[in-house]
């Protein structure tokens, strides 16, 4: 099994190597091949989860200078591999419909992620992890002729390097290279705490946790849509996988419960911050990227809760929290892939990512619109879609937070509960704004007015994640049953009770006290809807009439604007106004300024609105300034004459001799 | 037998609530009118309005999409399912195991989303404005609601509404400060969710202040009827929720017979009437607040709910 | 070999003489006198090498002595004098660190050398140990001279003095193989440095072949 | 003269014979081809040497530590010669300079091989000196004022360094003399064998001088001042061999002495001194990278950084640290010379080596641009190249045994990687520039780059078992 998987993995670099000689015809081969391989990965992972995981570690015949590399698959890797396979297949199929670009980087990106997930030692994991970063950087930099994309790519790779360095140090603190050896001797004391900090810094950076998220919205917007889909849907999950692997698996079962608190705090901050920023962004892909920050935060909270519950010996609740994290990771991976692909389809069809240039696409792209509705319903955590099921689990875990035995932890869980609820509501607002601006209303630009329905490859690519989002939403229990090994791993194997949180196709929480049966909810919704429809048809059979829209008192649009005056429609900034005023001022330095003409002036009044991410002001700018100051000091060494250089050498020599004299004398 | 009983209770409950919802609206309006010294329309007036609207042919804007036609049904369905989960005169309904408070919040969010989508469908300025405001308010209302749920979960050990109601009815909880705080928070959320004064004014069409009505400007005929009916159901739902949790007295326990149901029905009618009276009184007494003051109103509710939970932590932690 | 024996005394005397001359180098205010002192140091080095050759019965050291005498005591000083005359250099010594402070620094360096060398080499033959301390001092003083003098000729002199210290150390160690080869190789480098000064007509400091021309190039320009 | 003639000597003598030949050979193209031929022969010889048993033969020794370095040196010599084949025409040499350049190059290669192969520390010193003189000649061969300036600085600073190294060598002998009685007094094997019985104080003293002396040649901060200028002036090919080979030879010499001291338990740990200089190099170079405006100086500073990292690896010591250091040296040689080849080609196209003048290579010269970009990423230590593996090992080792060093090391690495990404993107990405639109560089440029990168890839992620064993043994030799 593992051998077959390893051979399958090798297919990716092979495809990358094929890309160059095949030239323009390579698109079909590379993307088609990638889709096939991804489906195989998903099948293998799903099959393993359903019918038994492969045992042991597969040693590779080659490796780094100090030892062999190894591959292994346990429940956790298989779960994330499943996500990679499904999302990767959709994104690859989507890419078939576009121009063949980034053909070398794409399979390598997939390869890096798969390698990181299947690695059985820290070097292989980080090799895959960093290969994933570099390959995706190449995809971000694909349109490098635009300055903004270059800046995004640069920031992205620097953050990726930071993540890599922190993770290397974290693994170094764990001592051994092979996971089995690390598990045998878990870290203790300050070493363990340092691992916690470094893992949070490293994986948190790559996952886009606040305040290390600055790269994420930029990079996801710059990459081609299928690449952003995977970066957002899967790559951040790989980072979370590493976080879970490090903190909940490799660091051993003995770590204290408070380890969960920083995860909970960072996760909650990311959730609210990301969701809020998604409400203010005016670019479809940036908006979706910010929503990714939110959902990554939610998954992190689940992991943190699992740690908290584990530390308090509440095995069942730890399993609940871990299940929430895992299910949400899968659900988000799929619906975010779907949404990014929708954004890509919209970009292809309407030629813009700016909300203010879209509108009314539901008429031109009805199928895409329906599929988009599925994705954003899940992102907004609406029943009966997958996002609701997983957030329900998370909320249930948080609602059980009072069972923790410390007041601080209880309060943290309560505050986190409020923040999750707020994040969910903010996400709903953001998704509504996205759909409303892009698909509803009237077109806002001629290009948008001439949009056509997405191509067949693109629709096919949207269909798979949309179907899965619906499926997981309806039968989350069945999905979680697959995650059982992973939940056991995360919750601390011994403590989990036999009866899991998956109950048939539904979910159960709080030792069976609360349950969710989305299938029945969906059935009831359908029943109510159809019933209402039948009654209404009976009582009110008249057909609808069409009439001109009431334009709220605006004057009629000029002749040349055949699709209506975009200025009379809500704008992206206008829709963001309530939240910008309510929350944006404090969290995002949101601002509004009205430039009113004085009486008698003929110029129009202008409203300037905007916001600034505080990570730039408080993190990036000071860091750059500090770097420049140090560099300026260092530079003074360079201005020395030869005599000065000799003096430095002489000083070194004398210093070392004096040191020697001191060491030996004393 | 038990199952048959629960099915019967469920159906009766559904029929009762569906029938009562417009009456609740009408009652509140009538009470308000009386308090303000007017005669007021009959409490049956909303039912008459609904039937009249059903007879009218709906007019849709030229560029309205399928959303405009489907969203009313979706919004109504979500609200109707939600209302079916909140016990009224008796516990132990067929859907009680499904009746989870978090799910309830989800269903309400679904209904809200459907309404907001419909508001944005045509692309008029008011629809978008109302949708944005409605969604923004929920960012404060939902956390407050969930913190209230947390209080119940701590006391009852579950988020199942039926079980919570049963616990509060049977359990010797006594009077708790935290429950009082939670009740206030819950009422504030209920006011906001239903677009009542001081958050929104259901009777106004003054452009700059409206939230809920702004999204319905384009709806007409049966669509408007559905929206109005859903709004009525929602108000009923919230009042029933408050009644079920904080005033669980008199409701028939699970598996009881028709006599208990009758008692429960009476008790429910009294409770609902009382709540309507409170609502009308409150609405008559306060003024509508500015839109951007609403977060402060809801934020206060949120803090109250958090305080309630914190007090419970202290008391249960020491126990 | 114990204290008071003749081989030790003579070697010590010669080494001490070289150290003294290193101080002379630092002390002199006129370039001509510096070159003279350097020539004397070279001659002393030759004598020390020859003496070691005699004591250790190592004939190859005579060769070293001969090379040292020819190159360091005669040829290079002559070349330097020629250079001074050709370039019409200022006869004064241009110092970065005044004469007095450099002498003080020199004394400190000698103290450091002794501190480093004496206590740690107790197991080594006494002669080599004493010589090592002196050679270290000469090397450090030579380097000190390189960095405290602004004049190219004086910097070359510093380098040569450093070199002398090296050879002194090399000949002082009994049984050192390849002494001739190593000292010759070191000498080659010295000669090349002097040649470089000749070829590039360096007037002022080492750093620049021609200051006016070079300044914009050092480093990366604007 | 050696008592026994070994195959290893051929590695030294062949290039020197070539040097004599090239010194008298007129005809530019012919000379360049002969240069290539000699280098190819040297490389083949190095391959043959793999089969030789590890042993001391007279003044030379072959062991696991110098064999990989030797192979990489011979390979880079060959690729540099190939690269020069395409480059000589554009370097605007007159015949005399060309002859001097080729002769110096082969002299350098021979001395380099000797420096690596020498068992006798005296011979090693002489070899490094010859290599220095030859490279001074190569750096200054253009005769332009900046080239002369750089060569002069190089000469003086390294001259003093070399002198100090000689003193260190003499003191080393002094330490061993009471034990060995002078016989074989400079043989590394002999010194190492008796080190345990030597006076630790003398050994310490010797190491200080060796460290400062050879450390100057290895470009460790604060002894680094010559390096950026030397690598930035002179023919471009020279930058590749300077950073790829000369630095390695010097660090290798330090390692040998460190290994000697390692055999004596009473010395002040030489690792700590090496680590201090290494960390200083990493930090200073990382920040200095941000102030570079000259493309070649940028990469030269990166050489300082990488030598510092390797020194840190050896400073951590032990099997893991030494392996990391060794791997880093090898990976750096391969990646950095590839980067120099690429940037050299770009500089030739543009006629300027200011970073501001170069840019948009991927658009104007796709083949060159992408190759250079990958090479820069390899130099930055991104996977899957060798520097990633060695930096992983280095940082992991720091974290597990020298936790305090993680912060400075990590900071330096991060700052440096950020600088390299910034410059790499500035060089390669962006709009096409018309002034870079010359004829596309041929296989003499791209071949060496991709060959180096492929080898760096193998070294980093997919090392065959025997090579792995060899490197492990080498880490043991470096003690």
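Each chain gets a letter, A, B, C and D, in the order it is written, and its residues are counted from 1.
The rule is simple: contacts are C-beta pairs under 8 Å (C-beta built on N, C-alpha and C of every residue); 3 or more make two chains touch, one makes a residue touch a chain.
Please read all numbers here as calculations on a predicted model, not as lab measurements.
Participant: If I rank A-D and A-B by number of C-beta contact pairs, which comes first?
Facilitator: A-B
Participant: Taking each chain's centre as the mean position of its Cα atoms, how many Å separate chain B from chain D?
Facilitator: 76
Participant: Return the distance between the CA-based centres of chain A and chain D, expressed in whole Å.
Facilitator: The separation of the two C-alpha centroids amounts to 43 Å.
Participant: With centres defined as the mean C-alpha position, give me the chain B-chain C separation in Å.
Facilitator: Between these chains, centre-to-centre, one finds 98 Å.
Participant: Distance from the CA centroid of chain A to that of chain B, rounded to the nearest Å?
Facilitator: Result: the chain centres lie 34 Å from each other.
Participant: What positions in chain C touch 2 or more of the other chains?
Facilitator: 116, 119-120, 143, 146, 206-207, 219
Participant: Among all residues of chain A, which ones touch two or more of the remaining chains?
Facilitator: 638, 642, 646, 653, 657, 660, 664, in rising order.
Participant: Where in chain D do residues touch two or more of the other chains?
Facilitator: Touching at least two other chains: 152-153, 156, 160, 164, 201, 204-205.
Participant: All pairs of touching chains?
Facilitator: Contact pairs between chains: A-B, A-C, A-D, C-D.
Participant: Help me check something: in the complex, which residues belonging to chain D touch chain C?
Facilitator: For chain D paired with chain C, touching residues are 120, 122-123, 125-126, 129, 133, 145-146, 148-149, 152-153, 155-156, 159-160, 162-164, 166-167, 169-171, 173-175, 177-178, 181-183, 185-186, 199-202, 204-205, 229, 292-294, 297, 354.
Participant: Of all residues in chain C, which touch chain D in the complex?
Facilitator: 116-117, 119-125, 128, 132, 135-136, 139, 143, 146, 159, 162-163, 165-166, 169-170, 173-178, 181-182, 185-186, 188-189, 192-193, 196, 200, 206-210, 213-214, 217-221
Participant: Under the stated contact criterion, what part of chain C meets chain A in this complex?
Facilitator: 96, 109, 112-113, 115-116, 119-120, 140, 143-144, 146-147, 150, 155, 205-207, 219
Participant: In the complex formed with chain A, which residues of chain B make contact?
Facilitator: 51, 54-67, 69, 73-74, 76-78, 80-81, 84, 95, 97-98, 100, 102-103, 105-107, 109-110, 112-113, 116-117, 120-129, 131-133, 135-136, 138-147, 149-150, 153-154, 157-160, 163, 217-218, 221-222, 225-226, 291-292, 295, 302, 305-306, 309-310, 312-314, 316-317
Participant: Of all residues in chain A, which touch chain D in the complex?
Facilitator: So the residues of chain A in touch with chain D come to 62-67, 69, 122-123, 126-127, 130-131, 133-134, 141, 144-145, 147, 150, 153-154, 157-158, 161-162, 165-166, 168-175, 177, 191, 194, 627-628, 630-635, 637-638, 640, 642, 644-646, 648-649, 651-653, 656-657, 660, 663-664.
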